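There are two complexes below, and they share chain A, which is joined by chain B in the first and by chain C in the second.
This part shows the complex of A and B:
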């Protein structure tokens, strides 16, 4: 284990958290507003299709969540399980979230 | 060895455990959430089929739980950032309680709007 790597991961985890906090707050507010009359594809897509604002926001959300989730998963695996290769699992998670996430953003914008 | 020995039975330790478990649950849920959103490719017909399923009360209950977990992880994370980056303050248990209250508040707001 490299001490330098741990410092970078610590910094990336906190930086991604600072990006995520306001985005999550906005996401919570949007959800509470959007479910009032029930959800439909037309309602969701009416808000997001062609919107640079929502597309950019969700793309940033995905990037930050992929990094944040991967580092958190690595910590949980290393500290709470005897599994080796937590770093590999974390990297796979990060790539999977980026791929699934940006595909989802492309689908709704 | 128990992971909860007596010296860890403290509100701030429980705040740490809840932060971890909520983060883990969100990490497991996220790929499913993103996959469902990608069903909107095209005219959104497949997404509508899925959304019809979410009218089930059990699915709504799961949604409320996820909202609480998301709000809990956000508020608990802000508590951690305050602990690490702001000057020390003695009201750590109050901050943890505030995080819990924030999560429950968002859960109630979502519940009231989704039913």
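This part shows the complex of A and C:
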């Protein structure tokens, strides 16, 4: 069982990385483009409000980041701390990032 | 002869003495042409202090018994020339990292080889003694993958170089996993896919960070990292096939 979990986590880590790579680039490019006319809440909300594209993109971004970060955190905790139950901590981290991130996405769309 | 010439002809050698608790002891050893680190240790043991404990056998880079930390790096001492690694005439020689020290430069390899057993790194023949020789195509992808990893002499240098081993004592380690990779690619093995389950656990191939300390230090220029990456791919394929 343990072996299958590790392999699933390996697959999830790679898959989330594949999703994150283009999204991070798109996010950075958008930021550079957005600040050209001065950065303001109104300007950002004007782009994201009611936009299925930006809402969906950031919802996916957060899903991938929460999975990717949590799996990495689990490895760090297991190797660098004597903590037992690193998986539980990582799972809680994943859920927290998902909840906070999706809440933020809901607020700007 | 000037003092400088004299200094050039000697080496200052610091050698670890004791067990896990111990200290470096300094020796002055004559510098010879084509001298190896093993020559230096042997000189100390035979001429200066017969109580020095160390391990060696073949002296020609085949047996894998003489690995030690030399100036902080794991090396096969019989094939490491002093001229290549001496730091201003100084050499520090210590027992292999990540291994329990028995005494001085001799380490306990038991746990290391137990991991080979735990990883299932044992060839299980498909054919019996009565069967004829297996014809293995030397150019098949599997045979090529096995060939790239097969020349391991079991010296433990990769195990000493691996930070994941130092963080997680249960980690099977680059040597055992590299050996399993050769078996996964051995068409003579009774069940190559069966070798994947023992290395798919949380102390197996997925614990590797692909840092490549093993590949940098392997005296035979193998890349256990590449073998472990192969195991990661194969375990994923086995999972999707329902074989894990």
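Quick note on the criterion: the second predicted complex is superposed on the first by the 107 of 109 C-alpha atoms of A that agree within 3 Å, B and C clash if a C-alpha of one lies under 4 Å from a C-alpha of the other, contacts with A are read in each partner's own complex, and residues count from 1 in each chain.
Assume a contact is a pair of C-beta atoms (placed from the backbone, for glycine too) under 8 Å apart; a residue touches a chain by one contact, two chains touch by 3 or more.
Since we're looking at a predicted model, the values are computed, not measured.
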Most chain A residues touched (candidates chain B, chain C): B
Touched partner set for A:50, first chain B, second chain C, both or neither: neither
Which of chain B and chain C A:35 touches, first, second, both or neither: first
Chain B versus chain C as contact partner of A:82, first or second or both or neither: neither
Which of chain B and chain C A:8 touches, first, second, both or neither: second
Touching partner for A:69 - first (chain B), second (chain C), both, neither: first
Overlap of the chain B and chain C footprints on chain A, listed as residue numbers: 80
Chain C residues within the chain A interface of the complex: 164, 167-168, 197, 200-202, 204, 206-207, 232, 235-236, 238-239, 244
Interfacial residue positions of chain A with respect to chain C in the complex: 2-11, 75, 78-80
Contact footprint of chain B on chain A as seen in their complex: 14, 17-18, 20-21, 24-25, 27-28, 31-33, 35-36, 38-42, 44-45, 62, 65, 69, 72-73, 76, 80, 93, 96-97, 100-101, 103-104, 106-108
Of chain B, residues touching chain A in the complex: 3, 20, 23-24, 26-27, 30-31, 34-35, 37-41, 43-45, 47-48, 51, 54-55, 67, 70-71, 73-74, 77-78, 80-81, 84-85, 106, 109-110, 113-114
